[in-house]
Every structure is written in C-alpha cells, then in structure tokens.
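Listed below are the structures to be examined.
You will see chain A twice below: alongside chain B first, and alongside chain C after that.
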Partner chain A sequence: MKKDAEARLRSQSGSALSRFLLNPEVGVLIPIVILSIVTTSIKPSFFTWKYFSSILMGSIFIGAAAMGEAFAIMSGEIDLSVGMNGTFSGVMAAYACINWGFGVVPTLLVGLGTGALIGAFNGFCVTKLKLSSWITTLATQFICTGLAVTVSDGYPMSISSLGTSGFTRARPLGLSWLFFIFIGLIVVCDIIIRKTKFGYRLRAVGGNQEFAQMSGINVKRVKMMVFIISGLFAAVGGLFDVLVNASASSTFGVGREFRAIISVAIGGISMAGGAGSMYGAGLGVLLFHTLWYALRILKIDTNLQLVLIGFILLLSVLLDIFRKRVEARRLIGG
Partner chain B sequence: MSDKALVTRDGKGLRRLTQTDEFSTFIPLAVIMLITAAIRPDFLSIRNFSAMFNQIPFIAITALGSSMTLMTGNVDISTGRVAGFAGIMMPMLVVELGWGAAESILLSLACCLAIGFVNGFLVVKFGLPSFITTMGTLYMVGGARYLMIKEYQYNLHAVEGFSLVHAFDQLYLGMPLYFWCMLILFAIAFVLIKRTLWGRRMLATGDNNEVATLVGINSKKMQVQAYMLSALLAGIAGILLTLDMGFGLPENGDGWEFRAIAGCVVGGVSLSGGKASPLGVLIGVTLVFVAENAIIFLGLPTTMRVAVQGALMAGAVLFDIFRQSRKVPE
Partner chain C sequence: MQADESIRFSQDTGAESAGTQQFAMQAINITKRFPGVVANDNVCLNVRKGEVMGLIGENGAGKSTLLKVLNGVYPHGSYTGTLLLDGREIRPASPNDAMLLGVGYVPQEINVLKYFSVAENIFMFDLRMESTRDKPQDGRPVRKSRTPFANFSEMFRATKQLLADNRIDLNPRADVRKLSIGQQQMLMIARALAINPKVLILDEPTTSLSGKDVAQLFMVIRHLQARGVSIIFVTHKLAEIVELTDRVTILRDGKNISVYERSQYNTRKIVQDMIGRDIAAMYVKEAQTPGDEVLRVENLTVEHPYVANRNLIENVSFSVRRGEILGMAGLVGAGRSEACMAIFGMLPVKSGKIFIEGKPVTIRNSQEAVRHGIGMVSEDRKKFGLNFVWDIRNNIGISNLGAVARGPFVLKSALSRRAEKYFKSLRVKARSIDTRVATLSGGNQQKIVIARSLNSQPKLMILDEPTKGIDVGSKNEIYGLINEMTKEGVAVVMISSELPELLAMSDRFVVMAEGKVVGELAQDQATETSVMEMATTTFKTVS
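For the complex of A and B:
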C-alpha cells in the first residue's frame, strides 16, 4: 500500500531528472563537481589527493559550527555566537588544563560544558525572556569575545601537557581522526533530524511554530534543546582548533559564525526554517571550502573572493526560494 | 504608537517627561557618568569628552540609518562596509579622476543608495530574510571597495585646490564640523519621523505590516526606502570620516554595523519594529561609548570592553520587553 502511494506520488511529481535536480544534496554536489572540473582544467595540481585531503581536513572547524548553526536555522532561529562561543570554550578548556591540571577527558568536558552552558543561556533568553535570537546571540558573541580575551589575556595557551599531539598528527587514510569524528557527528545529526521524535518536532517548529504549538509540541523546550546543541557544536569546533594547534587562542573563531551561516545556506537548509538535511549542510561546508581553496589556487584576488562569496550566498538563498515555489506549484497543480 | 498615546494622556509636565523612552535611556547614562565621575573626577574633563566625541558622530549617523531599517521591522548589517565603501570611493574619484568635491560625493552617495535599493529589493520582492541578505551585500561591498582602488590610501590633503578637506580641520564653536553635520542630520530625522506623515507611515509599517497595508500604506515601498536611507546615512558617515582624517582607508567602517545596532537597541529602538526616536538613538550611542570609556577609567580590564557592549545590548532589549509588557493594558 505504502509503496503504491509512493509510486503514485512519484509519477505525479514531474520527471525523474527534475526531481533529481531539485534534491537539495544533489543541488550542492553539482557545483562542487563543476568547480572541481573547472579548477582542475586550469590548474591540474588541484586534482590531487594531497590537495583534496587538505580541503577535507580544513573544513572540520567551520563544519562543526555549521552543524550547530543548521540546528538553529532549521528551528527558525539563528545563532551568531557559534564562532566566539567555540573560542571561549576552547580557552576555558585550555585554562582548566593549565591551571587546574585536568587530564584529557575532563579538559574536553570543560570545553563542551562551557559551550552547552552558553547555549543554554541563549536558549533561556530566547524562550523565557522572549528576546529575538539574533540580538541575543550577538550579545553573547560580544560577551564571549570579551571573556575569551580576558581569560587568555590575549596570549595563546598551550595544552601540550595533555599529550594529544600524537592523536591529532596521526593520518589514517591520509586524513585525521578528527575528520572521522566530524563525519560521525554528521551521521548522528542526520539520524537525530530524520529518525528521532526530537528531530520531527524540531522540523515542525521550524516549519510553522504556531501549528507546532497547537499540535501539542513544547516549542520552548525544543528551542532550548536546539540552542544547547548549537552551543555544544560550537564548542566542538573550538576544541578541534585547540587540539589541532595544541593551544587555545582568543583569535581562532573570529568570523566563523558568518562562514557557518553561508555553508548552511548553500547546503540547502531553508533560511526560513523547517527544511533541509544534515548531509546537505555537510556538503555545503565542503562546497564553501572547495570554493575557497579553488579561488586560492587560481590566485584570484582575495577581495574578489569576498565578492564571490557574498554573491553565492545571495544566489543560494534565492535558489531556495525558487525551489520552494516550484515545489508548491507542483503540489497544487498535481 | 498607541501605547505612547496611552502614556502621554494621563500625565503632565515632569511626569510625562519621565515616562518617555528617551528619558529611560538617559537615566543609565547619567548614573554611569555620576558613578565614574565620583570615583575618577577627571572622567568629566573636557579632554576626555572631546576624545569620546571624536568617534561618536560617525557611529551615531550610521546608527540613525540602522534605526530606519529596524523601525520598519528589518535589519541591515551591511552599513559598516557601505560606510567604508563610500569613504574610499569619494577620495578615489578625487585623486584618480580629478573630480571635484560635489560630484564625487554625490556619485558615492548614489552608489550607496543603489546598494540600499538592492538590499531592500531582495528583502521585499523575494522575501529573503533581511539578516542573510545584508550579510551577502556585506561581503560583496566589503570586497568591492578593495577592487576599485589602486592605492591603499588616498590623501586628500595632497590634492591641489580641494578646499573642502581644510574646512574639516577647523573647529566651529569648539566642535569639529562633522559634529554639526551629525546634529543637522538628527534634527532632520527627528522632524521627518515625529512630525510628518511619511514618518508615521514608516513607524506603522514596522509596528504591524499587515494593518499598515490595510490602511493603504505601501509598506513594501517604505521598507525599500528605509534600506536606501540606511545605506545613504552610512555612506555619509564614511565620507565624513574620510574628510575629517584627510585621507581614505578602505577598512574604515568595519564593525560599525553592530556598534550602531547596539546603540539603537540601547537607545530604545524596538527590534520588533514600529518604535524609534532619533534622540533616543543619539543618547543610546553616547551611552555605549560612555560605558566603554567608563570601563577604562574604572580600571576594569580593557579586554572586557566588548563584553560590556554585549551585556549592555542584552540588558537594553530586556528592558524594552519589560517596558512594553508594562505599558500594554491588560
């Protein structure tokens, strides 16, 4: 029965090709492929495993923040603190390691705890005090910046006493363990979004908050969870930085929130909330970094890069609007 | 608007004054100044104040623009880069193409208006989220201003016969020229918003978009106009800074957008739209600067400057929500 219905729905909804192209993940993958082919044809050295692995490994920092951002945007909010929250969490972890003599696991827990705590503060302001999310998280961004600079005193804080450098320098399959942890996190996120009750509620809240409320979903609790998750992922991004550099600095995550938002936007997550996939967001991160590295290897002026990034951001948001319109027309038209 | 009418009806004179939004921004300003002055009397010195007022006008003019977009229920975070754009385009035209003051300023401001129009068009026509849209233009304008220049800085003092820049070297009634420009712009904005039909329409658009449309206000047009004004005022601020310094630097204006928004929020501009007062914005921006300055004077670590800005902003939004909830009669 279910298969029948699916088949009928499929036969109704346009040709196979257009459905394939409208798939958000494919929509991200195509530009990555085109970009790679074009760049390779100009600069053959782009198409080497060495270069590609450096793209992959370089994308985990913004990638982790983008995962948190994806949760926030899917629920119809925005989190501008993912960059500096991560930085502050990393600084706090390093502080715990240096001043309290913590081992590896407690140090990481301090970092994650800090991130979650700041996320909870964001969530509290948004749900209980009813502040708008962007001004709240902008304020926490400022607060985290100030705290991170104050705690670290503006100097890098070395965590070499933890002895993690062997772990971070290892190169399984030419990549790093942190990269595989990141991939694991994407898979977990996807399962949370698509298979769990929380994920269903999250999408419902993002899609239409009032309907979600009416159907008995505790919107406030969902949003609180979202901000805590977002804070956790911000901390993960910050801890990646700290582990790779074996030190924490208050300058690591500056501007990361914007890059995370751009990655999520070009990854096909609807800026209006409610729709999108975590794999799409992951591919969005990859596209952003491929573009970045391609522009760099093609020696394109850094300022032109900024123009292009802004242009692509606007284009992807526009594309999202058009995709929605096409889908809506097809649903109505049958 | 309606709640304001409710408040002003049942009070007279002093009571009426104490219940205005501007007054509630003024109290923390006065308190901070009094406490700091009590601990460090030199805080109130003329030198310290003139140092603060060297920076306030530029952010205040940008904030006035930001308050226009916030008033209509949107946000514009590209203002800082637009200020930098206009601030480098004007001297570029003068130095490289030998243009005069008037036409170079006019063309730069026209470009700002165009950027504002694009922002407004994308937000209104396609329904894009305003934050993301202006973030896109932030990147594009931020890169474009470097692309159009050949040199890193353009010195206006070196240009023969460019007399405008010398006018900015002198003080008028003890204040630099850009300070008076700021006052004039705020006075114009005050009249426009508080005394004209156009201002009422702007506020109504932000207050309740649907109701505004129902009573015949072209709310889309008002939103686009707000974006254009926001970019225009940012451009004016950037050009004034360039004229004051005597040379243009492309990175001027970076980070102004959030300080401007912080000033607006502290100055009682409601983030949900429909409420803004130029006087409040001016007091709000001053408060942000005074608070930062007070931190340094009180011996707190200067690294906490940014954190205080954030705390101030969060506090102001909270206070705004508290005030709204108290005013609306049950």
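For the complex of A and C:
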C-alpha cells in the first residue's frame, strides 16, 4: 500500500536518471568528471593516484574556510574574513608556541580561540551594531591582515619545535591525517545543518528572517553562533597551513575567502540563504582544486590560468543554474 | 464518473456555444498539470463583453492556475487547450504578451515596488511615457520627448487622469511604503488598467480590503463594465458574487462543476457545488466560561515609523482571559493590527504596559513574545508567515523544535508526525508534507501559517485576519479549530474585517477607531449596526 504510493510518487517526479542528475551534489560531480576526462586525454599521467591524492590533500585549506563560509551564507550572511582570520589565527598560534613555549594542544587552542574571537567580533558588529556583514567582515579582513603582519613582523614563524612533522607527513591510506580530519568535519557539519535544532534554526533564519523570528527563533543568537563557527573554521584552515608548513606566515591565506565563496556557490549553496548541502560545498572545493591542478599539469601559463579558471567556474555555475531551471520547469510546468 | 460529467459540461460551455454568443474571452478545455497534481482538468471559462464573471471554488480548486494560463504566466505550450480573445486564438507567451493583447491581470498576492511612487509603480513598463505622450491631451499635443530619461511630468499627469477616470482615490506622488494594504491593492488594479484592457482578471482582490474599499472597488468595476470591459472576478465571499457578478463559474478539484446565470443564484447550491457537501451551520461557536486573565495591556502607544509626531495607536487598553475570544472590531486602518503587532514585539512600544498572566513583561521582539506563550497569525503571510524555501513539514515544525528533539538533535519522524497532525486536521490540500509551500494555493498557505502557530501551543493566540483568502468549507474548519483552542484554555484575540464572522465567534468586543479604543461591547450588545456605529464615531465628530 505504502510502497505503491511511494512508487507512484517517484514515477511522478521523473525518471530515476533525471532525478539523479537533478541531485545538487551530482550537479557538481559532473564538471569534475568532465574536467578529469579532458585533462587525462591530453595528459594521461593526470589519471594517477599521485595527482588525485595531492588534489584531495591540497583541498583541505580552502575546504575548511569553505565550511565556515557555508554556514555564513546559509544563514543569509557572508564572511569575507575567513581567509585572513585563518592567517592571523595561525600566526597567533605560532606566536604562542614560539614566545610562550606552548605545547601542541595549547598552541592549537590559541589558534582556534583567536578565530572564534574574531568571529564573535563579526557577530557582535552584525547583530548588536546592525552593520552589514559585507562591510563588517571586509573590515575584519583588513584588521586581521594588519595584525598578522604586525605579530609575525612579516617573517615566517617556524613551529618545528612542536614536533608535529611526523604527524603531518604520515600518509595513512595514501592520504594525510589532516585530510581525514577534514572529512570528519564535513560529516559533522552536515549533521549540524540537517539534523540539529541549531541547523533548522539557521536555515529558517537564512530562508526568511521575519518568519524565523515569528517562529520564536532568536535570530541574533543564531547569527552570533554562525559567525563564531565561521571564525573557528577559518582558524582550522589557518592551522592546517601552519601544521603542513611547520611555520606560520602572514601571506598564507591571501584571497582564500573568495575561493571559499566560489567553491560554496558552485557546490549548490543558495547565495540567497536558507538552503544547501555541506557535501555539495565539499565537492565544490574539490571541483575548484581539480581545475587548479589540471591547469598546472597542462603547464598553462599562470596568467592564462586565472582567466581560464574564471571562465570555467562561470561555466559550472551556469550548468548548475541550467540544472535548477530544468527542476523549476518540472515544478511550474513551464 | 466525475470526469464524464466535466467533459459533457465542458462541451456545452465551451466550443458549442461560441458561435452563438459574443464572448470577449474564452478558455476551452484547459488542462494544466504540475508534478503529481492536475490543477486544471479540461476546464472551460468564458466571459461576455461587459460582463462580470465570478469564479469561485475551494482553496486549491485551480482558480489561480486558470487565471495564470489566461494571463500567460504559464506560457502557451505548458498546458493544453485553447484561448480565444474576441473569437481569435491567442497564445500568450508571457504576462507582458497577454497585457499587450489586452488582458489585464491583478494577482492574488500584493506585489508593488516599495521604494517608488504610485505613478512610477503604474508606469514602470513605460517610464518615458511613449504610450500616452503622442496623443493630444486637453486639445494640446504633448511635447515629444526624445530623451532616455523618465518623463515624470507626463507620468504624474497620466496617472492622475487614469486614477480620476477610474475613480480610484490615490495620490500619484504618494510613497508606496506609506500606503495601507488596501491602497496597495487599488494601486495594483490601477496598474492593470493603465493598458486599457479588454478583459480584466482580478484574483481575490477583496481579501485585504475594508468595507469602504470594497465598495469603491465595486464602483470601479461597474464603471469599467459600463465601458464594455469584461471582468473575471475571484472571491471566497458569496455575498460579493451575489452583489457584483452576472454569472458565476464554480470549480472543484480542478474541474468545472457548474455555471449559473444571475437569475439562478442560490447560495446554498453554490456552496454545495464548491465543496461537494452541505455545511450545516457556517459559524460554530462553543462558548467557554472564561478563566483567569492571560493578557492585559494598559495605555499602549506606538509611534508611526515614518511620520513624526503621529501615533499608530494611542492609549490602547484591553484584556483577555483563558478560553475567551476577544474580537477586535473597527475599520481597516483603525490600528487593530498595529496593537497586536506591538504586543507581539513586531512594533516598538513607545509607552504603556503589557501583563501576561498578571505579571508585567517587556516584549522587544517576536521571539520574546513566543517565549511568553504568545502565538500570532499575521495578516502578511508572505513576509512573516512562511519560509518559501521549505516544505510543509519544516514550516509547521519550526515553531516548536523542542517538542520533537532529543538533546540537540531533531527527530525527523517526530517532526513529521507533528506536522502531519496539523496537515490532516486543517485538511491542507497538497500531496504530502514534503510539498514545498511555494507551490501551494494561497488559502492552503494560510492554513500552514495557522498550523505553525498552533504547533507552538501558545497561551494566547493572536489571529489577524485568520480566514483571509480561505474558502467557505475551510473557514468552517478553522472556526472549529478556534473553538478547540479555547476549550483547551487558550485566550484568543481575533481581528477580522468580516464582521459577521467576528460577531459570531467572539465573546467580547473591543472597538477601535483611528488608533484608539472607542468602546467595549459584550456579546449581547454587539450587532453589525452597534459595532459599525461605534467604529465610525470619531469620524463623525471630526467631520
């Protein structure tokens, strides 16, 4: 009986194939596959574990920032400080390690604390001072840059004394521990967004703020939390840098916020807020990185690389819009 | 069985009679499907020249869908069937297309540009005023403008004339933000009239209008009718069908049920055709013995957000008790909604006190109001009522996550069960709770808003026009729900511009006029005349 109804429902909403293709995550997977096929056909060595694993391992830095960005965008805001906040957090961690002689755990905590603090500052400006998140986080981006350069005095700060290089150089299953930590974080984020009260509230706020408030949701508190989480993930990205390089530098995270935003956007997180999938955002990062590596492997001129990246990203967003339009057409029958 | 009926029916209202009568517009055998729903199943609708055709049916019966087909919102090719305008087939590909062909359309939801003036709203499609400037006015030809700039002087002049011609009382220069919802509705109608339509389609134009505005709208419609314009008019109010229309078409479940000529009107029959059953008593009122006081407001004053030194409401005081329904009567614009919005924290209180269960409280925003056990169904469902990104389940469930969560985690099965309960008891017309609220008909969206407020299990429920846009059958069900609430001891504050509804449902009345409480009436003192008299007193003393 119930099965019948389900089967009918399914048949009404199109064939299995079209439903599969309309899945947001698949929408990102398609350009990744196309890109890989094209690159491999030109340069067969692209299709090797060596490249694939380095793409995966290399995506964790922007990936962490993108997770934070996904929270911000899904709640209807934006965080332009995810790059430089991470950089500054990394510099602070290194400072604590070098000047105060902190061990591994306290050093990492200093980094995460810095990120969360900057996030809380963003949240304060947006919720209490009612500033726009564009302006606020752009300003904190500058503030973080300045602070990072000041604290590091413009030089790389080595943290080799922590002895973490064994950990970061280890290659479990051909990948890195940090990569698995990152995957774990995506899973946690997905659960937070889809399954927790906070996740429901966040999506309600992103979908329609007035509606959320009418439903008894403390919009300000949700936004405050979002900015703190975003700051934490910025710091995670910064600390990944510090751990992998065994040093901190004020130049690490430059431009990362925009890469994070693009990844999130091509990952199918609605720029209007309220909807999206964390796995989609993760795949968006992967697409971005595959593209990056592919162009490098094909030895395309660096300046031209940027031009191509721009166009190919537009193309993949277009593809996504097209996919959504097909979906919408099925909905309104246009 | 039903299908056979509708096919037979469609033949004799559609193609067959086309030759013999002068139809301004005809829709023949329209079928429009959405995934899982046949919104229009072989539907026919026609309107003669200079006629007002009523269109009536339950929420989700397919009225708006049909109108959107006529108007090109659903372009030719996305449905099957034929549209004829003056006997010739038309295939509008967009609303703009339909507009140029002479089909004016006023959608169900208010849709105006807030930061522009009335005139700009009306002539947004032609800011250089090319449509009017070449015609000589007042004997003098208007100077041609060849600039890329908007022609404001001509725009204001043409708007003034348009409004005067159609007897619409609006100021062309007025800022749309300052217009009431009723005035915004009139603006939308003026906008549709700017192109001199042959057929004017009005989808539930009276849902947000006060009695005075409705009278004005009817005058405008009669005036248009006299000029040979045909009108298709959707409403849920039978009295309006009887008063205004020449014929009425009834839809149910996406199918034609019947068409009646004015001489055949019989409201009982119309209701039966609409909902497929008979309603014993429209208003079901079960009086409860009121318990302790739940809400008391004293001298509540709220300032006007845009106009300095003016108060939206002034020194408003009243109280409600457990199990009691307090009816707030008054004309639209009397400040009833504003008083309720202030209590719910949506407007800042300038002075005055609010007591919940005898304790003074400060409510700075809605979430504090919800925490104090207040629920509210707002008049403006688009802005406050729904999250259009979501399905029905989440829209209902969000107001009480605590009840469906274990620790920080929301249990989807519990959430579904709760949403399902309201989905069923309110008889929402949709495939399942997985349906996106954006695809629901207007009335069914309103039911979701009510369900959401009920789900938070409030002590005090504020209902601002709870049956706005809701069909007769569902209204009946909503009254039942309100009774159930009071039986459980909820205090209810109800605003309605449908006086009979308010009179039948309330235990006590507060009458407001011009932002002030002008009196209180017990149930046995309240009649339509006594309430209206009170509601208009201040106007009398002023003029």
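Just so we're on the same page, the second predicted complex is superposed on the first by the 297 of 334 C-alpha atoms of A that agree within 3 Å, B and C clash if a C-alpha of one lies under 4 Å from a C-alpha of the other, contacts with A are read in each partner's own complex, and residues count from 1 in each chain.
Following the convention adopted for this analysis, contacts are C-beta pairs under 8 Å (C-beta built on N, C-alpha and C of every residue); 3 or more make two chains touch, one makes a residue touch a chain.
This structure is a prediction, so every number in the text was calculated from the model and none was measured.
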Looking at A:Ile78 after the superposition, I want to know if it touches chain B, chain C, both of them or none. Which is it: first, second, both, neither?
first
Let me test your reading of the model: by the given contact rule, A:Trp134 touches which partner, first (chain B), second (chain C), both or neither?
first
Which holds for A:Val149: it touches chain B only (first), chain C only (second), both, or neither?
first
Which partner chains sit in contact with A:Val105 here, chain B, chain C, both or neither? Use first/second/both/neither.
neither
Touch check for A:Thr196: first (chain B), second (chain C), both, or neither?
second
Once chain A of both complexes is superposed, is A:Phe258 in touch with chain B (first), chain C (second), both, or neither?
first
Touched partner set for A:Met271, first chain B, second chain C, both or neither:
first
Going by the contact rule stated at the top, is it chain B or chain C that touches a larger number of residues on chain A?
B
Partner chain(s) touched by A:Leu306 [first = chain B, second = chain C, both, neither]:
first
Contacts of chain A common to chain B and chain C in the A-superposed view none
In the complex with chain C, residue positions of chain A that touch it
9, 12-14, 195-201, 203-204, 206-208, 210-219, 270, 274-275, 330-334
Please name which positions on chain A make contact with chain B in the complex.
78, 125, 129-132, 134-136, 138-147, 149-150, 153-154, 258, 261-262, 265, 271-272, 301-311, 313-314, 317-318, 321
Which residues of chain C touch chain A once you look at their complex with the stated criterion?
32-36, 74-75, 78-79, 365-367, 369-371, 376, 378, 383-390, 394, 397-399, 401-402, 405, 408-410, 412, 431-432, 436, 439, 452, 456
Per the contact definition, I'd like the list of chain B residues that touch chain A in the complex.
75, 122, 126-129, 131-133, 135-144, 146-147, 258, 261, 265, 271-272, 301, 303-311, 313-314, 317-318, 321
